[in-house]
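What follows is a pair of complexes built around chain A, which joins chain B in one and chain C in the other.
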Partner chain A sequence: MDKLVETLLQGDHVGALSEARRLLALGIAPERIVTDGMETAMRRLDDKCTVESFNLLEIMLAGRAVSAVVNELYPEGAPPAQGRATFVIASLEGDIHDLGKNVTRMVLIGKGYRVVDLGKDCPVETLVNAAEREHADAVLVSGLITPVIPQVRKLRPALAARGLDGIKVVAGGAALKQATAEELNVDYVAETAFDGARYLEQLARRKTE
Partner chain B sequence: MPELVVRVNGATHSIPYEPGLSLRDILDATNYRVRSACHGIGACGLCRVRVIAGEAGEPTRNERLHLLPALLSQGVRLACQIRPAQDLQVEILNPAPPSNWKSPPDAALLQGAHERAAGDRWLPPGVKHPCGIAVDLGTTNLCLSLFDLAKGKWLADRWGRNPQQRFGADVLTRLAAATGSGDAAREMSRLVMAAIGEALLDIATREGFDPRRVVNVTLVGNTAMLALLSGRNAELLLRPENWERPVDCLPRDTSGWVQEWAINPAAGVDVIAPLAGFVGSDLLAGLVATRFVEGAAPALFIDFGTNSEIALWSGEELWVTAAAGGPAFESSGIGCGMPAEAGAVFRVEAQADGELNYRILGDDRARGVCGSGLVDLIARLLESGRLQPTGRFAGGAASFAFRAGGTGLALDKNDVDLMQQAKAAIGVGIGALCASAGVSTKALRRVCVAGAFGRYLDVASAQTIGLLPMVPPETVELAGNTALAGCCDVMLSSRAADRLGELRSRARLLNLARHPGFAEAFLENLYLQPLRVVNLG
Partner chain C sequence: MNSLERVKAAIAFAPVDRTPAVPQLFGHAAVLAGMALEDYLRDGERLARCQIEAYRHYGHDMVFAFMDFSVETEALGSLLQYRADQYPDVASYVLTPERDVSALAVPDPAVAGRMPELLRAASILRREAGDEAPVAGCVLGPMTLATQLLGIETALYLAVDDPARFENVLDFAVEVAVRYGLAQIGAGVHLPIVFDPAASPAVVPPQFFRERLLPRLKKVFAAYRAAGALANWLNITGPTAPILPWYPEAGADIANFDYYVDAAEAQKLLPATCLDGNLKSLSFVDASPAEIAAAAGALVAAFAGRGGFLLSSGCEIPLEAKPENVAALVSAARAGT
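The block that comes next holds the complex of A and B.
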């Protein structure tokens, strides 16, 4: 498992993939590969990004390796083991930037969550529909530009109108993180992808308790 | 290069210089300007220095007119009358008051390049020696050039910081501030207008120039800067759907500006309209100045900045895009960064023993590293294996510490990351343009590098880290501030203005963010390695 963690951290997606295949061949359950391998790697990446500084390439490479391993473990796209939370993520209509959203998706997949990615330029309506259909625990929106703020504010009322009040709304990204949760009418404003992931982890833990 | 040792206010600074200029012009490009009020013709007698050691030549007639024999015998001289060729040590007796406005480091040497054919613009009668001012409104800096319109003769250049910085370092933050508050919008417009007035005042007092000679002001800039100046449609620029469309940001009434600048009451103000929401008239002017679409061979143009504009000429088609890579090229946001001005490390060279040698602009003390220095430093660290192509330091180090000109500086991972992101945006842009125009980077016969960052850029270093395509180095032209040069062309000549109009109708816009495969191409381009154009499909 150490080798898997190491290859993931190095962003060596070819190495990570062959290591995951080797572990599966040894009869190790996909769930254990996620908890012992990928989650450990994500925790160490988080520490690294907090202690040292953020390097976008390292995170993107690790994310690509994580995606490759997840696709190998769950080729049917089936959700990870029971009890894991599901999140729906998007950049809202009018915003065509999705680098930050992609980084967040990778971090959450690496932590073993099921993430439904609706891409960029996504209407609020589509996001709410997906949240309902996928039984999402939270809706995540990333925004690089300020004009999307009015749309972010509409999310909670739109969810409530469908009786989905229980679904949390988390915002992040250059434009949104300047504002408070109150101003955006969301449950949490994440400083970084890892900060958002920590909030969602707490949420998921509370749910299982 | 001979060395000038300057003593001023009790401190000593040594500055290597290119012979050929007067001592006043050499000092003008540094932080140690001498007071002056006559454009350096020996008329005002203010630019007094004392020669401590070295050869300064015989005093001129003008110096004997202004300086008593007793002063001359003490070595007191006029800086504008001395043209040093060897090592010289001087004391500045009459330092200039501090100013936000500077002469570009090598403006005076470029004087030849500044000369234009006499303009064909209509000049109002009754104004003696009518002049015009060309302005390039940048997000970080404002640059302007003063020309004698009748003779096509360059008179002065100034550059300084864009005073809107306190509303945000980047365009989007400033646009959002202006959209959110009418007061902020008015203040940003006023700040830039006042800054142009200050720069003009600096020229007026220092060069003994009468601002009423100014009969025209022509401005180019990125779309956001023009919208903020004219106070029009800033809110439209926040919406991506307008980035590929023309946005009207021409001022409705400029009579107040003419009054504020105290220029000739009959003066006209021409704001050159941008191409679209994300491509300004600065790019159009740059393409005019470099005569970009006049050759038959494929050519690439990159104006490096916070929002870098890139153009590709296939020989038949002109493709244009903008790549927002962040402010690393301007060295903003970089821990050890500073603009390309006196005191900046602008070159880093490896010596035979592997030690690095740091070259500093206009000073012997370093205050930071400018964009070209950063590119050099990263390239040297890559070559010596101290930095990996992913942006990690070897052995897990968090930073690289070094001493330049007696100052301790450090390049950390975050600095490298910012440069990676900036250069990745450029790489994606080049790749997308090449794919759209059906031109491979191997076919490029000309690469124009514009912007202050380009002025000192080492082409080989830029290629090492993947900032420029691997073309033969002689293909690369470091063209300096082409936006300002093109603005001057348009101000002076109606033919240049026509060419700009033609470019406007010809350019085909490409929005990178909408391009499929952007994320994958961006990832590939984050690596610090020679540029490989990734086909975006």
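The block that comes next holds the complex of A and C.
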């Protein structure tokens, strides 16, 4: 497993993929590859990445390697929830920035969560429908331009209107980060992908306790 | 002093009658005029009319021949998706990991895409306002053009996987920036602003900026200076503190700083470079005029002893900004000294 962790941290997607194949061939369960391999790598990356020293390229490369491994472990698509939380994530209508969203998705997948990605330019309605369908524990929105803020504010009421009040709303991205959770009418505003992941981990932990 | 004299003086750290007010007021001018943004972005004459109207309305100190970040990539063959009231984005990128940049030719600004419309806007603005106010143009810096040709993720992966090929894209982007910028100067802009948001430490590490982007920005700015640009303005948003000290080497006379960097730090990092910034863009949407006045007043005071300052937002004034907040910025510049 050390070799897998190492290749993931180096962002060596080719190496990580062949290491994951080797482990599978040895009969190691995909779930263990996720928990012992991917999650360990993400935890180390998390420790290294503070708000002050955040190397996006490094994270993207690790993210690409994680994605390659996940695709190998679960060729049918998204990994099963494994009793873990499920999140839906999107950039809202009119906003085409998606790098931060994609990084966040990769970090959460690397931590073993199930993430349903609705892409960019996504209407609130679509997001709420998906949250219901996927039994999401939280709805995650990434906003880089200020005109999406009114849409963010509508999320909680839209979820509540369907009786989905229990679903948390987490916001991130350069435009939303300038506002507080109260101003956005959300449960949490994340400074970075890892900061958001930490909040979501607490949620998931509370759920399983 | 008129706006042109005032901005020139600020750039030279010479005395000014008041701090120049230079909000980065682009598409907001269309919203203010009640025009669909898409019409503004596709018609140079309309763009110029709205800019002049906004200039007369607010009384700030610069007009902008600025469309959006997709002009160059569209002129090179990317397909855009337009929206009535939002900036367009790229629906299909002209470059792919398979398609090499050698397949592209530097576009002729007189005919390619919306470039001629932007040049038309520039010449109208120069003719109608250019004696009293500086006319700024807009060019994408090499890193951002590269990301707009390939898509940002593809571009970043290429930069790591095949640095030599990525550098070819950057070199091509320099040629585009030089030709397009010179055409803007020829059409009447006093200075083409180089926007390179993807060069921000939010996206690439400072070392990457220094090694791969700085030498290329240098070439772009040297060409503008030789062509008679009033000044060189490098506009990168986000947490730029680690890269600001390299701006003078790039040839920049004006450095944008965003709200991530405070005034004292920016002054320390760039003691002899004119700074523009750094009000939070979002505050123009959700703060009150009194809050804008207070934040702007504090900035004006922070630069009172130093000079070399254009009072501005740290990045674009949002489309849906409250007009009274933009007005509050301008009043704060008037009230201070």
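Rule of thumb we're sticking to: the second predicted complex is superposed on the first by the 203 of 209 C-alpha atoms of A that agree within 3 Å, B and C clash if a C-alpha of one lies under 4 Å from a C-alpha of the other, contacts with A are read in each partner's own complex, and residues count from 1 in each chain.
Please note the rule applied: contacts are C-beta pairs under 8 Å (C-beta built on N, C-alpha and C of every residue); 3 or more make two chains touch, one makes a residue touch a chain.
Model, not experiment: these values are computed from the prediction.
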item	value
Room on chain A for both chain B and chain C (clash or fit)	clash
Touched partner set for A:Glu183, first chain B, second chain C, both or neither	second
Touching partner for A:Gly37 - first (chain B), second (chain C), both, neither	neither
Which superposed partner A:Leu61 touches (first chain B, second chain C, both, neither)	both
Touching partner for A:Thr146 - first (chain B), second (chain C), both, neither	both
Common ground on chain A, meaning residues reached by chain C in one complex and by chain B in the other	11, 55-57, 60-61, 64, 94, 96, 99, 102, 145-147, 175
Complex contact set, residues of chain A against chain C	11, 55-57, 60-61, 64, 94, 96, 99, 102, 145-147, 149, 174-175, 178-179, 183
Residues on chain B engaged by chain A in the complex (per definition of touch)	172, 176, 179, 238-241, 390-392, 398, 412-414, 416-417, 420-421, 511, 513-514, 519, 522-523, 526-527
Chain B partner contacts - residues on chain A that touch it in the complex	11, 52-58, 60-61, 64, 94-99, 102, 145-147, 175
Parts of chain C lying in touch with chain A, wherever the complex brings them together	83, 86, 89, 152-153, 156-157, 159-160, 202-205, 208, 238, 259, 280-283, 285-286, 318-320
